[in-house]
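Below are two complexes that have chain A in common, paired first with chain B and then with chain C.
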Partner chain A sequence: MSGRKKTNWNKTMFKQYFLLVLPGLVIFTIGLIVPMLMAVRYSLTSWDGMTKEKPFVGFENYLSLFQDSDFLNAWWFTLKFTIGNTIIQNILALLFAVALDKGIKAQKLYRTAFFVPCLISSVIVGFVWLRMFSNVLPAINEALGTNINFLLFGDGDTVLSGLLIANNWQWIGYWMLIYLAGLQSIPAELYEAARVDGAGAIRRFINVTIPMLAPAITICIVGITTGSLKVYDLLVASTKGGPGRASTSIIYQTYTTAINGRQYGYGSAMSVTLVIVLLLVALIQVKELKSREVQA
Partner chain B sequence: MAFTRRKEKDESPKQPYTKSTFVVQIIMTILAALFLAPIFIVINYSFKTKKELYLNSPLSLPESFNFDNYKKAFDKLNMVTTFSNTLLYTVISVLILALLCGLTAWAIARCKHKFFKFCYIYFIVGILIPYQALFLPIYIIGFNLKLTNTGYGIIFMYIATTISFGVFLMTSFMSTVPLELEEAARIDGCSIIRTYFSVVFPLLKPAMATLIIMQSFQIWNDYLLASLYVSKKQLKTLTVAIQSLFSAQTSDYTTAMAAIVISVLPIAILFISLQKYFIKGMTVGAVKG
Partner chain C sequence: MKKKKVLSVFLATALIASTLAGCGAKSGETQSTDATGSNTDNTAAATEAPADASAEKVTLSVLAGQSTTDAGIEDMIDEALAKKYPNITLEWECVDWGNDFQPKMQQYMQSGLPDIMIGKAQDVKTYASQGILGAIDSTYTDRVLDAANTNVTIDGKVYGVVYNALYQGVYYNKDMFEENGWTIPKTQEDLQKIIDACKEKGITPFASHMADTWSIGNVTMQFAMNDVFNKTPDWGDQFRAGQSSFSDSKDFQTAYSYNKLIYDNTFKDTFSIEQTDCDSRIVSGEAAMKVSGSWSIQNFLDINPEFNFGIFPFPNQTGDSKLIFEPNITIMTNASSEYQDAINCVLDVLTGDKELAVEIYDYTKTAAMLKDVTPTFTNPSQEDIDAYAAKGQIVDVTLGNNQLVWGGFQEENAKDIAAWLQGDETFEQALKASDDRADASSAQ
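This part shows the complex of A and B:
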């Protein structure tokens, strides 16, 4: 009897808790999971977005992707942009954080100065750097009589470095804050102990700071990589994917293909490749970095 | 989040202000100046007249503070409408988000049933699915459900795309809520909903603040979803309006610069006054605890 009562009670509890979860679950499913499944389904069709029926073509879209030079170029740009960001942003953010943690005066003021750019929408950041490179910085040449090429967005060879500068300017402060929080949580006793054991500054950094920062490093690497793979807003008001197609990212390419070219099926196949790459990258990085955290 | 920060007070005795600290201070000052330079240039431009833009050096200061560009930007951006739209979308989205995430995370943390474990994983997977990559089906589903070109449609999508992070954040805070209080409330005959609002919710306030502030920034600055979902003039957001201003005014960009200042100012003020909560949310999981 009491057993049955308990299951009944559990059932009513379950129902009540279930009702709490339900609205979020429904919104999340309709807004993100269903679109994900739709993308997979459309990617197997040659739908143009207008007709009622969506002709099934199997994996044809995926096969043509590998022969599509625009698509491969877009991936190539996205990869270069991602690798560049992951390396530069991580190193600089960590260096900045270490410098700010050295006990300099007015630390908070510096923190805010580096952080402010990330509060600005990427669309605006792109526009600001477009003006910086084309109008403001060339004036320095005039003033100093030097001849540095600042027109980075104007040439296919330099557009990547221009975008890296803009993106790093925007995000270094953000990741720096995460590293700073990590640094400030390292107990001072650990450094003391290392010093007693005769470790120099560099050894202390490698053997104490880096292992203790492992969780922060994981977050920063995964965050920067996945964030850079999704670059789109930054390009909208700066390079528009140009010059030529030199700075067309994978999302930008999908946008042009699907919305402007009205190839919904083909564009969906592009989206699916990006989702797969992002999931894989995130999973591999988390697994790889987490295993290091445990060892440390 | 169980970590103790080193107090800023006892930082100085451990780290005496030496010569090398001074060198670091100088380097960081130069870097900070470089980081702030583009912002000063934007502000500088926003006060320049058209004549000054064409004749003077970009680095020169404006002859006087004239607010003509601001007036023009105000009109061109349709500022009253776009600003209140953005504010409305952001505020409503984050409030609903906070409510839903709190309830969901609480149910997940308290109910040991398999279903809720599944829910947690289901939501967490969402963090890894980039909505930016799925803009096309997100647009199509919105179009089919008649959500495009409506205020509630864009709010719905903002909630759907940010809820997974919110559930993750709130669930990780839920362990700090003591069970005893809840049990006492239940014994007194409180319903689940009442227990949540009278006992749990007040304790979640700091976490809620963190969630609300972090997501406000993301939603306020969003461009992709807003540009997909709203094309009607009276529904546009600031970032969308500012982007059309950028492409319309290629030669006279002093107005655009003034528009940037107006659109960034509210968010910058909000951050500087609420940085504590923002940093807390950013660093969840970054610190060994």
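This part shows the complex of A and C:
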């Protein structure tokens, strides 16, 4: 009797949850799954995005991708940008979080100051740093009589550094807060026990803080990596993929190919490769990092 | 339990309703646009349009692909339209022509075109070939200069109203030229002498803003018009037919190499500065010349209304360069719009209201393409333009732009030229990259 009641209750709960999930599921399917499937379909055509005919070309677009130097260069830039961001943002965010966790003076002020840039649109950040590198910093240079090269966006060799500065300035505060929340949830007894065992500050950080922060590290690494792989708006507002093609990301290349270049089918093939890479990167990272997580 | 169930149903309904409401608002707007008007042919209804327009209220959607100089003219048009046809309202969507006009058109070709589209003359060939543009009645095209109608005519029908024009060439500081006794260069040797003289005096020969990759694409077409299309008017068609290529064409290689001449004689930070900074530097006397177009005039005169400048064509190899003429604002109409009468009313205002036309030309600092309309703004370079026009030394760049389209071709080539100037690609690689995208060079 009680088993039947339980089954009925489960069914009722399932219905209720399903009803609640349904709107989101519908929006997700219409907004994401359907377009993604359409992109796969278009990637098998030579459609220009305008005509009614969508000539089927099989896997021709995918084969062409691997001989397309612009596509490969765009991936190369995207990978460098992603790796740079993942390393710099994680390290600096963690260091800032540790510093703020030590109870320094004006902690709230620092926290706010670090966090505010992530509230600004990436487009604005792009404009701000474009002006900084082109006008503000060179003017300071001139006023001080120094000769530092601040024209980072104007040279293919330095544009990546400029973009990393802009992107890290924007996002470090956000990831710092996640690390800070993680740090504050580590039980003090663990540090106490480590101290009793004779562990110094560095050993406590490596053997207590880092393992206990593993869930936060997973979130930050996956978030920064996938976010960096999708970089677009920052580029539109600052370098427009230049100079030349020096800062063309894979999404930027996909957009210009599909829309401006009227090669919708080919551009769709590019976008499919990006989705596959994003899924693979996220899956591998989550699986690998989850296996290292420990519970207090 | 029942309460929970009711709550969950309520929440789900609320979410769905709010989603539908969001979508519905858009379709409601479209309905209001589609609610009135008769489905008549654009040309047939033209002469009756002003009379018909007095009755029902109509909202026409307008997609305006604008150059930097054009932003703001929509308010002038709205005001003039409200005076003559108060029942017609324009719903504007203004976008940057270079970056966003084509993507928007691509989007609207799937979902339904706006009633009126404003682009450039070169767009006519792209979209008329898709069968989506309405032919413009002679009532309106007759008000436009005949020369302007030529490149928007396909199979005897005119698909665009060319409203204004830009002139492109080398803008130069007239006072500086006079003070130094420099004469207008006609050959590359003449130009080199001025470059050398500038350097001796510590003046940057050319102002440029290569951070805007479009400027590289623009000047390259200017060079190509005088060194390539001047000799071979169908070079683009030959290129697609495999009869010529960038890698083999000495003329196109020369056109590409002029970019290096500019790069070697311009600001060190050219890849870091944008147009406004660049224009302010030539106005302040830091540089002597700038390969550009009429879009710079607005900046020149805003920065210094007294700036005295002229224009000459960039010298080619044969010393017979022509000044470049570019039909700019071009009004196109949706062939399947239900509001042909109202569209004609708008065309009537745009081509018939001379006061509005002068206001727009004065604001954009551009040349008139309407008959019997003369802008009143002071254009120091007008004297030069008139002189070249009198000698027949003006060429319409639509010839080149129609054969080698901007979106997906010229702008992509410009990126490779920039990469070459930066040392990231060789000259041969940049040429080959242009050859490799031959399929994207045509609008069709």
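One rule holds in what follows: the second predicted complex is superposed on the first by the 271 of 296 C-alpha atoms of A that agree within 3 Å, B and C clash if a C-alpha of one lies under 4 Å from a C-alpha of the other, contacts with A are read in each partner's own complex, and residues count from 1 in each chain.
Here, contacts are C-beta pairs under 8 Å (C-beta built on N, C-alpha and C of every residue); 3 or more make two chains touch, one makes a residue touch a chain.
The model shown is predicted, which means the values in this text are computed figures rather than measured ones.
Asker: Comparing chain B against chain C, which has contacts with more of the residues in chain A?
Answerer: B
Asker: A:128 in the overlay: touching chain B, chain C, both, or neither? Say first, second, both or neither.
Answerer: Only chain B is touched by A:128; chain C is not.
Asker: Examine A:289 and indicate which partner it touches, taking first as chain B and second as chain C; both and neither are also allowed.
Answerer: Neither chain B nor chain C is touched by A:289.
Asker: Taking the superposition on A as described, I'd like to know which of chain B and chain C A:190 touches: first, second, both or neither.
Answerer: neither
Asker: Tell me the contact category for A:178 with respect to chain B and chain C: first, second, both or neither.
Answerer: After superposition on chain A, A:178 lies in contact with chain B alone.
Asker: State whether A:160 touches chain B only (first), chain C only (second), both chains, or neither.
Answerer: In the superposed model, A:160 contacts neither chain B nor chain C.
Asker: Based on the superposed arrangement, let me know which partner A:241 touches: chain B (first), chain C (second), both, or neither?
Answerer: Once the two structures are laid over each other on A, A:241 reaches chain C alone.
Asker: According to the stated criteria, A:20 is in contact with first (chain B), second (chain C), both, or neither; which is it?
Answerer: both
Asker: Across the two complexes, find the residues of chain A that touch chain B and also touch chain C.
Answerer: In the superposed arrangement, which is not itself an observed complex, chain A uses residues 16-17, 20, 23-24, 27, 49, 135, 259, 264 for both chain B and chain C.
Asker: Would you tell me which residues of chain C are touching chain A in their complex?
Answerer: 1, 4-5, 8-9, 11-12, 15-16, 19, 99, 102-103, 105-106, 109, 130, 210-213, 269-274, 277, 407-409, 411-412, 415-416, 418-425, 433, 437, 440
Asker: Using the touch definition from the top, list the residues of chain A that touch chain C in their complex.
Answerer: Interface residues on the chain A side: 12, 15-17, 19-20, 22-24, 26-27, 49-51, 69-70, 133-135, 138, 151, 153-156, 240-246, 248, 256-257, 259-264.
Asker: Where on chain A is chain B touching in the complex?
Answerer: Against chain B, the touching part of chain A is residues 13-14, 16-18, 20-21, 23-25, 27-28, 30-36, 38-39, 42, 49, 96, 99-100, 102-105, 107, 109-110, 112-117, 119-124, 127-129, 131-132, 135-136, 139-140, 142-143, 169, 173-174, 177-178, 181-182, 184-185, 188, 212, 214-216, 219, 226, 229-230, 232-233, 236-237, 251, 254-255, 258-259, 264, 267-268, 271, 274-275, 278-279, 282-283.
Asker: Please output the residues of chain B touching chain A within their complex, sorted ascending.
Answerer: Those in contact with chain A are residues 3-6, 8, 11-12, 14-17, 20-21, 24-25, 27-29, 31-32, 35-36, 38-39, 41-42, 45, 57-59, 100-101, 103-104, 106-108, 110-111, 113, 115-116, 119, 122-123, 126, 128-138, 140-141, 145, 156-157, 159-161, 163-164, 167, 191-193, 196, 217, 220-224, 239, 242-243, 246-247, 253, 256-257, 260, 263-264, 267-268, 271-272, 275, 279, 282-283, 285-289.
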